[in-house]
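Two complexes, one shared chain (chain A), two partners (chain B, chain C).
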Partner chain A sequence: MDLVVAVALQLAYGIANLALISVGLAIIFGMMRVINLAHGEFLMLGGYTVVVTTNAGVNLWLAVFVLAPLVVGIVGVLVERILIRRLYGRMIDTLLATWGLSLLLIGLVTSIFGASTATTISPPFGTIQIGRFSSSGYELFLIGVTMALALAIWAVLRFTRLGLVARGTMQNAEMASALGVSTSRIYMITFGLGAAVTGLAGGLLAPITGVLPTIGATYIAKAFITVISGGSAILAGTAAGSVLLGGIQGVFTFLTGPTFGEVALLIAAIVLLRLMPRGITGRFFRKSL
Partner chain B sequence: MTGGADTIRAMRPAFLWAALAAIFALAAPQMLALFAIINLTTAIALAILALSLALIWGYGGILCFGQVAFFGLGAYAYTIAAVNFGGSTWAILVAVLVASAVAAALGYFMFYGRLSDVYLGVITLTFTLILFSVMRRTSGPDWKIGKSLLGGFNGISSPPLNLPWNPAVKLFPEHVFYVAMAALILCYLFAAWLVNTHFGRVCVAIRENETRAELLGYDTRAYKLGIFTIGAGIAAIGGVLFSQGIGRITPDVFGLYNAALVIIWVIVGGRGTLAGPVIATFALFYLTSWLGGQQVLNNNLVLGIILIVFVLAVPRGIAPTLLGWWRRGTVRPAAARVRRRRNRAEAAE
Partner chain C sequence: MTISRRTFLAGTAGAVLGMPALMGRAQDATIRIASILDLSGGLDIYGAPMDVTTKLAVEDINAAGGLLGRRVELITYDAQSSIQLYTQYATQAAAGDRVAAVHGGITSASREAIRPTLARFQTLYFYNTQYEGGVCDYNNFCTGSTPAQTVAKVVPYVMNKWGKKVYIVAADYNYGQITAQWMQKFVADNGGETLGVEFFPLDVTNFGPTINKIQQAAPNLVISALVGGAHVSFYRQYAAAGLNASIPIASTTFGVGNEHKLISAAEGNGLIAAYSYFEAVDNPVNRDFLARLDAKMGASRPGLNELAVRSYEGVMLWAEAVKLAGTADRNPVVEALRTGLTYNGPSGAVTVDPKTHHCIQNVYLAELKDQTFDILEAYDAQPPADTQLVCDLVANPDQSTFFFENGLAAAGIK
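Up next is the complex of A and B:
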């Protein structure tokens, strides 16, 4: 029984972790159909914001929930206005430009903070006992935060005017533009929001992983395949992608160790895309958010 | 159908480049120190990698962000096979076959699933990154293929090349340089030949307009798979030489930084040319080694700026842009003459 609970918790955390690192990317992908290759660096910037500000004496929760999204959100808006805006409609160039941005951000952070780990912070909440097993309280907390975050994004998309206009632009940008919506402004806002959510995710993960200028590379492989397997529906796609791939990774990690967990994840995604080239939500749940 | 004579005629500029490269190969060892020659061997290996991407992206229109995966697989396969066989002759063949087979398998899922460019780029990049994280975990005595340990993040030291079918005679680094130059020239001529054959022209047609090519009756999936597999084989040859240039192969070859480097070489050199990316590789290889030797500017920073500037300002790359200017310079006066004559004729009527 204890084992079942502990394994289920690990599985839930694996899925929540995938959803957390992917959802910001999914917002941008859902809106612009472009993968932001600087996604890992947005996570990294969120982590750095938290580590640097807490070292300067700022409260951890303030740093994680306010400063990290704020800083990375502003970076996102600036990037959209300076770089992405010039490349609307040029998908491949947008990918390449965000890759350039990724290198630029790694270089910039390395120049400022050095290539080694900045001072780390220890995760709050300590450990929780489940019979013979112990689990990190912070991981449980992250599962809760991920669910709350998904709920918040759903509420914004479903009930606000911004959400309505954003959904309209996603479905048919030209039509939205003909009806008087400034699609360029919507793109700017969603890119900024996607970046802010990514910054929050990076900040939340910083106490577990620590930060390095190159830490983005450890996240992006998983985030990318979760988002493209999920398809273009922001929430349903992320949820479907992370449940399926997180589940597969969890099972394989449990059976064979972490090395093949990631390999299984990749193979599952490639086979899935052979069957459903537009991702899960390209085939099922097409009307979902 | 393009005949053999047409293909050869279209290859004239390629023969010129190959001749220049051959002169360079003969002259360089007379002028450079041994260290510089070994360094140059690494650059040549990377140039072959760039050539392979120039072929599949520039001509095949396949957005592969993970070309470095086949390069690294080639290097690993060569090293493991050479350790096991005790010689390099068959190991080189194994390297090319392994990389091509993996590319064919991956390509089948991607092209027959008809994935769009964005998905293709992301899948190939992810493939590379996962190879990176898997190979890093392979340290310890449990991880071995035949006699060769995989070595985790320390990698494996590569056995030197030997004379074909004679493992007793190892090649010295200065000889490996000649082999590398010969490989570069042959791969380049092969690629230049390929893009001028019927197969190559269909690939270019698919790049330009996939639907139209399909309506003309070509199975675009098969052509894409074909050129992708060939590109992986060429990349593997580069990988073999790379393992010779630095003497060992480590998982770092699969890293994000290396994946980005190849893309930058091809972007800077120009898509749709073969010589451009090769020359850009040499130029940027020496730029990054120089940057690595100083403390002021970070390598990533400079490469990031180069990539962004090229995407925004010179999206076609240097070679096609220069070629465009040159053609405008020579062709336009002729066109203007024709237009003047026609105007005069119309006026006379």
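Up next is the complex of A and C:
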């Protein structure tokens, strides 16, 4: 029994982890159709903000929940104004430009902080005991935060004027513009928010993963696979993609090993996109956010 | 007077075109060596400290008057964690720069990419990284430690200290796979039992399922051959689940990328590692070496580990051989190295084993405490016993092979 609970908790964390690294990309790529190859580096910048500021004596919670999203959000707004703004609708050019941006960010962080930066933080909350198994309290906390974050994004999109205008702009920018919306401003805000959410995710993961300038590369592929498999609905898509792929990966990792877990995730994504080329929400939950 | 763009271009073009002639004359006065390391990309956590010490070695040689009355010039190539660039730069160094020796390569994959190229161009090659053992190549000196030197020492020590039941986690490529085989052999040789072995692709950052499996198997200890930045997450999540208190970890890979700085003191305390060098090695050469680097770099000095120090000692071994041979030409230098040449470096005495072109070296066991390794045990002059099983370059010098499968077979593993 305790084994079942412990395994279920790990599966839930695997799914939450996938959702956390993908949700910012869902806003930038899923909603805005901007292929952001620097997504992994946005996560890295969130993590670095936490490591550097906590080393300087800043409280961990302040660093994770305020500084990481703030710093990466500002970087996102700057990137949108300087780079992305000129490339809307030019997918291949955006791909190339954000790839360059990703290299630039790795290079900048490496030249400022060196190839690696020492850390002083450990995950808070200690451990929780499930029978003879112990698990990380922080991982349970991350599951909760991921759900709260999804709920918050849903509430913003569903109930605020900004959410309505943003969704309208993404659906039909010309019509939104004709109705008096400054679409350029909406694009900037949406991109900035997507970056801020990514920064928060990177900050949240910092106490429990290795933070290095090049670590973004380990997240980028999985984030894109999750968002593409999920389809066009931001939240329902990310949730469905994470549950399906994270679940399959988790189960196969338990049954066989980590290598086949990764293989199973990729095979599942290929089969899924063969059957549903527009992702899960291209067929199911089509009206959802 | 104004300088038009045309006159400026003409002037600089003349200067630039004139340069090769000047450089051609300068060449005769210097002995050139090349270093090919990953100074950017995912492997720079290993490459950056190696680059610092390689440069220091060349500075030290030149400060002592150079070699054979000539200055040594170091050409540094950044392979950017890309195997393709390794091949390209090895060719450039051997055929274009005509260097006397190449030092470098970090992963076994990068070594295997450039080793055949350098053998073909007859350009002496030093691989200064700990690795899985088994290279048997007249042209190649592997100065780093191998499993028979480190794993063979750490396994009995931790089994004696913590218990006989072992769980192994390793990186999923040739180094991790082969090292895990050696680990299982040494566990069995010492009367222990391997409860499980798991391999991880290099980009895995979520280790939760494996941490559950380890708890289920309930071993006395975990031995890790995990590699790279993503795998640092294992140690953090393992500690977050509270396991570091009940099931301690031993490793032959943790520390060479300065991983012990990337996790907090509480997460790393108690981990035991085995290498041929730790900063805490207590001898006058090492104290002087660290003091000079501190004076030179201050707070920006990277943490030093086996890879970094062996890079220094590798260049110094080459320099000793050049002095002994009286020339920088390959064949006399190789023969000088094969006399069983010794260099007393920061890690202690490093002696070339003529049979394998590997090194007889000291091995240290150390325990991590507050992000610093404290030495527990020292074993002097350990031979590369694994490679010696399959390689004899004294009897048959005309070889350029990598015997990893044969090594495992000869040791009775496969």
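Just so it is clear, the second predicted complex is superposed on the first by the 286 of 289 C-alpha atoms of A that agree within 3 Å, B and C clash if a C-alpha of one lies under 4 Å from a C-alpha of the other, contacts with A are read in each partner's own complex, and residues count from 1 in each chain.
The rule we apply is simple: contacts are C-beta pairs under 8 Å (C-beta built on N, C-alpha and C of every residue); 3 or more make two chains touch, one makes a residue touch a chain.
Keep in mind it's a predicted model, so treat the numbers as computed, not measured.
Peer 1: Superposed on chain A, are chain B and chain C clashing or fitting side by side?
Peer 2: Overlaying the two complexes on chain A (C-alpha atoms) leaves chain C and chain B clashing.
Peer 1: Tell me the contact category for A:D93 with respect to chain B and chain C: first, second, both or neither.
Peer 2: first
Peer 1: Is A:L108 touching the first partner chain B, the second partner chain C, both, or neither of them?
Peer 2: first
Peer 1: On the A-aligned overlay, A:P277 touches which partner chain: chain B = first, chain C = second, or both, or neither?
Peer 2: first
Peer 1: Is A:L3 in contact with chain B, with chain C, with both, or with neither (first, second, both, neither)?
Peer 2: second
Peer 1: Return first, second, both or neither, reflecting whether A:T259 touches chain B, chain C, both chains, or no partner chain.
Peer 2: both
Peer 1: Can A:I228 be said to touch chain B (first), chain C (second), both, or neither?
Peer 2: So A:I228 only meets chain B here.
Peer 1: Which of the two partners, first being chain B and second being chain C, lies in contact with A:P207: first, second, both, or neither?
Peer 2: In the superposed model, A:P207 contacts chain C only, not chain B.
Peer 1: With the two complexes superposed on chain A, say which partner A:L164 touches: chain B (first), chain C (second), both, or neither.
Peer 2: In the superposition, A:L164 touches no partner, neither chain B nor chain C.
Peer 1: Counting only touches as set out at the top, which of chain B and chain C does A:L179 meet: first, second, both, neither?
Peer 2: It touches nothing on chain B or chain C.
Peer 1: Can you tell me which of the listed chain B stretches (96-104, 114-122, 132-140 or 330-338) runs into chain C once everything is aligned on A?
Peer 2: 132-140
Peer 1: Show which residues of chain A both chain B and chain C reach, each in its own complex.
Peer 2: 106-107, 110, 214, 217-218, 221, 258-259, 262.
Peer 1: Give every residue of chain B touching chain A within the complex, in rising order.
Peer 2: Going by the criterion above, the answer is residues 63, 65, 106, 109-110, 112-119, 121-123, 125-127, 129-130, 133-134, 137-138, 255-257, 260, 263, 267, 298-308, 311-312, 315.
Peer 1: List the residues on chain C that touch chain A in their complex, please.
Peer 2: Where chain C meets chain A, its residues are 40-42, 44-45, 47-48, 81, 172, 198-201, 203-213, 215-216, 229-233, 236-237, 239-243, 257-259, 261-267, 300, 302, 371.
Peer 1: Mind pulling up the chain A residues that touch chain C in the complex?
Peer 2: Residue positions touching the partner: 3, 6-7, 10, 13-14, 17, 106-107, 110, 114-123, 126-127, 132-139, 205, 207-215, 217-219, 221, 250, 253-254, 257-259, 261-262.
Peer 1: For the complex, which residues does chain A have touching chain B?
Peer 2: 33-35, 37, 83, 86-87, 91-93, 95-97, 99-108, 110-111, 214, 217-218, 220-221, 224-225, 228, 258-259, 262-263, 265-266, 269-271, 273-275, 277
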